[in-house]
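What follows is subunit A paired twice: with subunit B in the first complex and subunit C in the second.
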Partner chain A sequence: MGRYILKRLGLAILTLLLLSLIVFLAGQVLPGNPGRLILGNFASQRSVDILNRQLGLDHPVLLQYWEWATRIMHGNFGRSYQFQAPVISFLFPAAGRSLKLASLAFVIVVPLSILGGVVAALNRGRTVDRIISTIGLSLSTLPEFVSGIVLIVVFAIELKILPVSANAPPGSGVLIQLRYLLLPAIPLVLVLFGYIARIARAGTVEALESDYVRTATLKGLRRRTVIVRHMLRNSMLPTMTVVATQTGYLIGGLVVTETLFNYPGLGRLIYNAAVAKDFPMLEAGVLVIGVVYLTATLLADLLATFLNPRVRLQGFE
Partner chain B sequence: MSGTGDEEPGGLGRLGRAAVDSPTAVDPLLTLILPVDHGHGAVLGSSAKQVRRQQLGLLLRSRTFLVGAAILLLWIVCAIFGGMFRPYDPLAVNLFTTNAPPSGVHLFGTDSLGRDVLSRAIIGSREILFVAPSSAALGTIFGTVMGLVQGYYRGLVDMITGRIIEAYLALPLVIAAFVFIVALGPSILTLVLVISITFGFLISRTVRTAVLLERDLDYVAAARLQGEGAMHNMFVEILPNVMGPIIVEFTVRLGYAIFLVATLSFLGFGVSPPTPDWGADIAANYQYLVAGYWWETLFPALAIASLITAINLMGDSIETVVIQ
Partner chain C sequence: MTEIASGVGRAIAESANALEVDHLDVAYRVRGVDHLALRDIGFNIGQHESFGLVGESGCGKSTTALAITRYLPRNGRITSGRIALSGRDVMSMRQEELRLLRARSISVVYQDPGRALNPSMRIGRQVAEVFEILGMKKREALERAEEALRTVQIADPGRIMSAYPHQLSGGMLQRVVIAMAIAVEPTLLILDEPTTALDATVEAEVLDLVSGLREQFGTAVLFISHNLAVIAKMCDRVGVIYAGEIVEQGPARQVFDDPRHPYTVGLLRCVPRRGRRKDLHRLDTIPGFPPTPGEVPSGCIYADRCALADDQCRAETPPVVDLSAGWTSRCFKYAEAPELPWATPEHLATGAGRRSDHPVISIEHVSKTYAGRHGEVVRALVDVNLELFPGETLGVVGESGCGKTTLARVIVGLTSADPNSGVKVAGRRVGSVAERTPEELRLVQIIFQNPDSALNRRHSVRYIITRALTKLTHLKGEERDARLMTMVRSVRLEPRHLSMRPAQLSGGLKQRVAIARAFAGSPAVLVCDEPTSSLDVSVQAAILNLLVDLQTREGVTYVFISHDLGVVRYLSDRIAVLYLGRIMEYGLAESVFSGPHHPYTEALLSAVPTLDGTEPERIRLRGEIPSPANPPPGCVFNTRCHRRLSDGTCETVEPILREIEPGKFMRCHLPIEQLARREPTEANEF
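For the complex of A and B:
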C-alpha cells in the first residue's frame, strides 16, 4: 500500500514538473521579449537589452528554467507587470475568493447530481430517466456565460430576487455572501451536473445488475436498505473519481463566471493577466490551478483505493 | 484512476487490464463512449461499406438527428448566404435608435450602437462555424495518429508522450488557451491551433485505449507475420477497426469546440470588435443587462444555445448508431 501511494505521489510530482516546464516555455520563451513588455513601447532598445540581461534571458534555456523553478520553489512568483507589486500579494486573496465560489458550486452540485443519477438509474428507460439524462447533457454543453445571462435576466432583472453582482457589501455575514454567490454558482452547477449524474447513473446501473444486489434483494431486504447499504457504496466509487476530474472544468468555468459577474477571484485574475500580458501573474495563476487539479485527482485516486476493499486487501500491481 | 482494478463498478472493467495498467489515467467518460465490441464479426462478415450505408440509413430515419441537422443547416445557410437576406447592415451604427426593444422594425431590437441585433445574429455564426469544425477535425486527425502510434508501439514512446499529455491536460482548456493566445498573439489561427492540440491529446487517449485492445488480435498478428510494416498495420489494419470511437469522439468534441470558441470569443480572444460574432456581441452588451436591455444579449446567447443543441442532437444519434 505504502509503495502504491509513493508511486502515485512520484507520478504526480513528475507531472507537475512537466507542467511547470510547459508553463515556463509558453510564458518565458515563446513570447520572446519580456524586457520590452515590462518597459513598454517607448523605452530605448538599450534599456530593454539591459533589463533582459538582468532577467537572465541571455542564459541557455535550461539554466533559465532552473533559475525560474528554484525562484518559484522559494515562493517567489516575481512581480506583476501590470501592478508593479509582488504577484503573491494578489494570488492568495483571489484564490480564496474563488475557493468560496467553487465550494458553493460543489456543495450544490455533488448531492444534486448523484441524486439525479441514482433516480435516473432506478427508473431506467422510463421518461424520468430520459428527462434527467437529456437535460443534464444539454446543460453541460451550454457555456457558463450563456446560462449565466439567462439566469441574470430571469432572476436578477425580471424577478428581482437575487443580486446581479457577486460582490456582497464589505463586512456582510456568511448568509448574505451566500446570497450574492448563488447566482454565479448556478452556471457552474449546470455545467457539472450532466457529467456527474451520467457517471452516477452508470455506476448505479452496473450495481443494480450485480450479483450482490440480487442476493440482497432475494434475502428479503427492503428496497431502501438494498439501495442505501449495498448499492450506493459501490456505485459511488467511480463517481468520486469523476468529481475530482471535474475540478478542471470547474476552474475553466470560474474564469467565465467571475468575468461575467465581476467577481475578483483567481479566474478573473488570470484572465486580466492574460489580457494585460502580465506573464509572472499568468504563470503563477496557471501553476496554482495545475497544483489544485493534480492534488484533487491524486486524492480522489487514493480515496478510491482506500474505499475499495478488493484493491485494499489485494495489494497493488 | 490507473490501478484501481478492472472489476470496479462503473465501466472501467470493460477496458480490460491493458488499459487499466497504463501509465495514462483513463477518463471514465471514455469508457461510456468506447463500444464494448465494435463488431469485428460484423465488419468481417459483411463489407465495411455496407455497415456504413446501414448506419447512414439509420441516421436519416432518426428524428433527433434530422432536427439537429436542420438547425445546423439553418446556421450554415445564415453564415454563407446571410448577407443576402439580413434585414439591415450589421455594421451600420445608428445613434438615433440605440437600445431599441424588439419591434416590427427591428425584430430583435438594436444594440447600444443602434445596430440591428437580428442582422448581427445572422452573420455572427461565421467565425464559430469555421473555427469549431476545423479545430475539431484537425484535433481528431492529430489525436488519431498519436493514439495509433502510442497504442501500437507502447513502451517508452507511449510512456513519455503519456506523461506530457497528462501534464498538459492538468490545465483547464480555457486556461491553456490563455497561455498560448498570450504567447503567440490572439488570432483565429492561434485559436484553431490551441483547440486542436488539446483535442488531439484528449482524443489520443481514447484511440490509444482502443488500439491497445486491437493490436494483439489475430488479424494484426497475421499482417505482421506477412511481413507488413508498422505503417500498414496501424493505418490499414487497425484504423478501420477503431473508427467507431473516433467518430464518436469527433462529434462529442465538435460540441465542446463550439462551447470553447463561444467562450473564448466572449472573453475577447476571437474576432475583433466591429465584426459580428455571438460571443463577442454578448461581451459588448451584457453590461447593459442591468438597465433592462436584455435583447441585445439574450438573442446571441440563444443562438449559441441552439447551435450547441443541434450538434448535441446529431452527436447523440451518431453515437447511438455507431455503438449499435
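For the complex of A and C:
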C-alpha cells in the first residue's frame, strides 16, 4: 500500500514536471515580445532589448526553463506583464474565488447526478430511465456559454429572481454569496450532470445484475438495504474516479462561465492573461490548475483503492 | 440454530410437500417476442427429500430455480402454472410476503461462490445479515454467524469472519454460502451447480457437507447439475430436463439404471465411465443440436435428435407416461428406449497407442520458478521428467494450481522453463516460441479450454484454418484449399461453417475449429489443456471421439490435461499425477487407476462420484493445498496425507520419484505393500 502511494505520488510529480515544461515551451512559441508588451508600443527598440536581456530572455531556452522552474519552486511566480505586480497577489485570491464557484457546482452536481444515475439504473428500460438519460445527454452537449446566456435572460433579466453578476457586494454573508454564485454554477452543473449520471447508471446496472446482489435479495433483505449496503458500495467506486477526472473539465468550464458572468476567478484570470499575452500570469494559472487536477485524481484513486478491500489487503500488481 | 427457523412457514403445512411445481411455463421476451424457456414443468419435492434436475446447458435448469425464487430476469415471466412452497402459493405473494419467504423458507447456493458474495463486505457481516433479517441484534447475529460457520465445518470461524471473499479459496467460500443458506433451516434448499467451479477433492468435501447437513436438518433439496454422477450421488429422485421440458423423472436409481427416455439413454452413454477406454469402446454421442429458444417443433421436442423417432413422434406431442409409482417418461417409445441405436459404432478397433520406441518429446528436469509479487519464490514445476512416444496419450491430472497448465505452456513454448531444463522435440532441444524454428512450431500445437477466447472472433473459420495452413505447411493455392477441405471434413465441420465467425458457432463447433487449426500442420504432439471442460457431455463425447479418430489416423501424441478423471482414463495410455509442481505418480493408465496408489492419487480417485451408485470409501484430505511459494518441508503432500508415517520421515525428508514396478514411478516413503489398491467397479452398460 505504502509503495503504491509513493509510486502514484512520484508519477504525479513527473506529470507536473512535464506540464510545466509544456507550459513554459508554449510560452516560448506563442507570438509576442515580453519587453515590447511591458514597455508599450512607443518605447524604443533599444530599451525593449535591454529589458528583454534583464528578463533573461537571451539565455538558452533550457536555462530559462531552469531559472523559471527554480523561481516557482521558491514560490516566486514572477511579475505580471499587464499589471506590473507580482503574479501571486492576483493568483491566489482568484483561485479562492474559483474554488468557491467550483465547489458549489460540485456540491450540486455530484449528489444530483449520482441520484439520477441510480434512479435511471433501478428503472432501466422504463420511461424514467429514458428521460434521465436523454436529458443528461442533451445537457452535456449544450455549451456553457449557451446555457449561461439562456439562464441570465430567463432568471436574471426576465424573472429577476437571481442577480446577473456573480459578484456579491463586499462583506456579504455566506447565503448572499451563494445566491450570487448560484446562476453561474448552473451551467457547470448542466454540463457535468449527463456524464456523471451515465457512469453512475452503468456502475449501478452492473452491480444490480451481479450475483452478490442476487444473493442479498434472495437472503430476504429489504430492497433498500440491498441497494444501500450491497449495491451502492460497489457501484460507487468507479463513479468516484470519474467524478475526480471531471475536475479538469470543470476548470475548462470555469473559463467560460467566469468570463460570461464577469466573475474574477482563475478562469477569467487565465483568459485575460492569454488575451494580453501576460505569460507569467498565464503560466502560473495553468500550473495551479494542473496541480489541482492532479491532486483531485490522485485523491480519488487513493480513495477508490482504499475502499476496495481486494486492493487494500493484497498489495498491487 | 433453533427457534426462529421452526417458525411460521413450517408449522402451517407439515404434511404438504416442501415444493410443488405444476404445469409451469416461463417465457423470456426477446425483441418484443415471447420465447418459451420452460414448458409444462411439473415436479414435487417431499419433506426431507432431495430432487435432482439434470440436463445440458440452456435447457432450463437455472430458469426453474429462478422461477421458484421469483428472481427471473426482467424480461422473464411465468406465463402459467403453479409453484407452492409447503402448500403456500409463491406466485401470488406480494413483495413483503415474498421477502419473508426468501428470508425464512427458501435458500439458494450458487455455482460461483466467489461472485455470490459481496466483494467489499467481510464474511462475518454477510453471514450475520441472515440473522438480522429475522430481527436479531447485530451482536447476537454475529455470534450466530460464527456458530453457523462452525456448522459447515470451518475450523477457524473467527478468522474467516473477518476475512473478505477474495482472501478465501473457492471451497471455503462455498462453505460460507452454504452456511448462510442452511442457517435459518429453510424448508427448501436450492443448490444450483454448487460444485461445478470446484476441484474434484473440494467438490467431494462440499457434497459430503451437504449430505451431512441434510441428515442433520432434514431440509428438502432441489439439486441442479449437469453432472449426472453428482446427481446420482446426491438425489433420491431426479428429473431429466431437455429444451425446457422434463422428459423423464423418477427415483434416481431407476432412472440411471434403466432409463426410459432416449435423451436420458443418450446422456448416460456420453459419459466416459469407469473401465471405458479409447481402444475398446467408443463414446456415444447425441446427433444434432437442441432447438433454439422460441423454436417449437411440432410433436416431441426431442424427435429431431432421436434415433427412435417415427412419424407419430414428429406429429403428436407425446403424453407423460406413468411407468410405475412416481416414474414418468414423456415418450411414445419408452419401452424401446434402452435399445436406442448407437449414434456411433460402439466397438471399434481404434489402433491408437504407442507406435515407436523413440520418444517424440522428452521433458528433462523441467522446473519453472516464478518470482512472486513480494519477492517470494514460487516453484510452479519442480524437476519434471517425462517421455512421450508417437501415437500415445499422456494424461496429466491434479487439482488446480498443481502446475498442469504451466507444464502445458512449457511444452508448447509459451512459457520458458528455468535454465538447465530441457524440452526435446524429436530429439532436438527447443526453447520458447520465439526461439523455435517453423518446423519445431509445426510439430507441437495446443488446444485450449475455452475456444471462445482462443479463436479470433473477427476472423472467419476459413481464414483461421487457412492461416494456420499457410504458416505451418507452406501449401499454396489449390493444394492448400484441398487440404483445408480435408481438415474441415476430418473434424466433421461442414463447408457452410467456413464463412462463419466463431460467435456464430456453438461451443462444440468452436472447439472443432480449434482442433482443425491445431492439426493444420500435422503436428507430432498436441497439448490439450482441458479441451472439453466447458462443453456439455454430449458435445464432450463427440470431441473425445474425434480426438481418438485423429490420433488413430495421424499417429499424433496427446498431452491431455484435465481435472475429469473419467475423461483422462478414457483417453490416456499413461498418466502423470501432479501435486505442487511435482510428479507424485507416473505410470500406465491402468496401473494408476488400479493401484498401488500414491496416497494423493488414492484421494483423487475416491473423490469422484460414480454413476452406478457404488459409494467407494471416501478419503478426506486435511486442509487446503499449501501455497507453492511456501511448500511444506519433507514430502510436499504430508500436510494433507492420510497415510503419513508416524516416525516423522514424511515431515522431514522429501521422497524421490522411485520406480516401484517396471514403468511405474511413485514419490512416496511408504512401502508398496502399505499403499492401497482400489478395484475399479465396472459401470452398467447400455
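Observations, loosely collected:
The rule is short, and it goes like this: the second predicted complex is superposed on the first by the 312 of 317 C-alpha atoms of A that agree within 3 Å, B and C clash if a C-alpha of one lies under 4 Å from a C-alpha of the other, contacts with A are read in each partner's own complex, and residues count from 1 in each chain.
Here, a contact is a pair of C-beta atoms (placed from the backbone, for glycine too) under 8 Å apart; a residue touches a chain by one contact, two chains touch by 3 or more.
A quick note: this is a predicted structure, and the numbers were derived from the prediction, not measured.
In the superposition on chain A, A:L137 makes contact with subunit B only, while subunit C stays out of contact range. When both complexes are overlaid on chain A, the residue A:H230 reaches subunit C alone and has no touch with subunit B. Which of subunit B and subunit C touches more residues of subunit A: that partner is B. Contacts of A:K219 after superposition: subunit C is touched, whereas subunit B is not reached.
By the document's definition of touching, neither partner reaches A:G78: not subunit B, not subunit C. In the superposition on chain A, A:D211 makes contact with subunit C only, while subunit B stays out of contact range.
By the touch criterion stated above, A:G125 is placed in contact with subunit C alone, subunit B being left untouched. In the superposition on chain A, the residues of subunit A touched by subunit B in one structure and by subunit C in the other are 210, 234, 308, 310, 314, 317.
Contact residues on subunit B toward subunit A in their complex (touch as defined above): 1-5, 7-12, 21, 23, 25, 27-29, 32, 163-164, 166-175, 178-184, 255-256, 259, 262-263, 266-268, 279, 282, 286, 289-290, 292, 294, 297-298, 301, 304-305, 308-309, 311-312, 316.
Of all residues in subunit A, only 124-125, 210-212, 214-223, 229-230, 233-234, 307-310, 313-315, 317 touch subunit C in the complex they form.
Taken in their complex, subunit C has these residues touching subunit A: 69, 71, 74, 95, 99-104, 106-108, 110, 112, 115-121, 129-130, 133, 164, 166-167, 177, 180, 373-374. Contact residues on subunit A toward subunit B in their complex (touch as defined above): 4, 8, 11, 14-19, 21-23, 26-27, 30-31, 137-138, 141-146, 149-150, 152-153, 157, 164, 195, 198-199, 202-203, 206-207, 210, 234-235, 237-239, 241-242, 245, 248-249, 251-252, 255-256, 259-260, 270-271, 274-275, 277, 279, 282, 285-286, 289-290, 293-294, 297, 301, 304-305, 308, 310-311, 314, 316-317.
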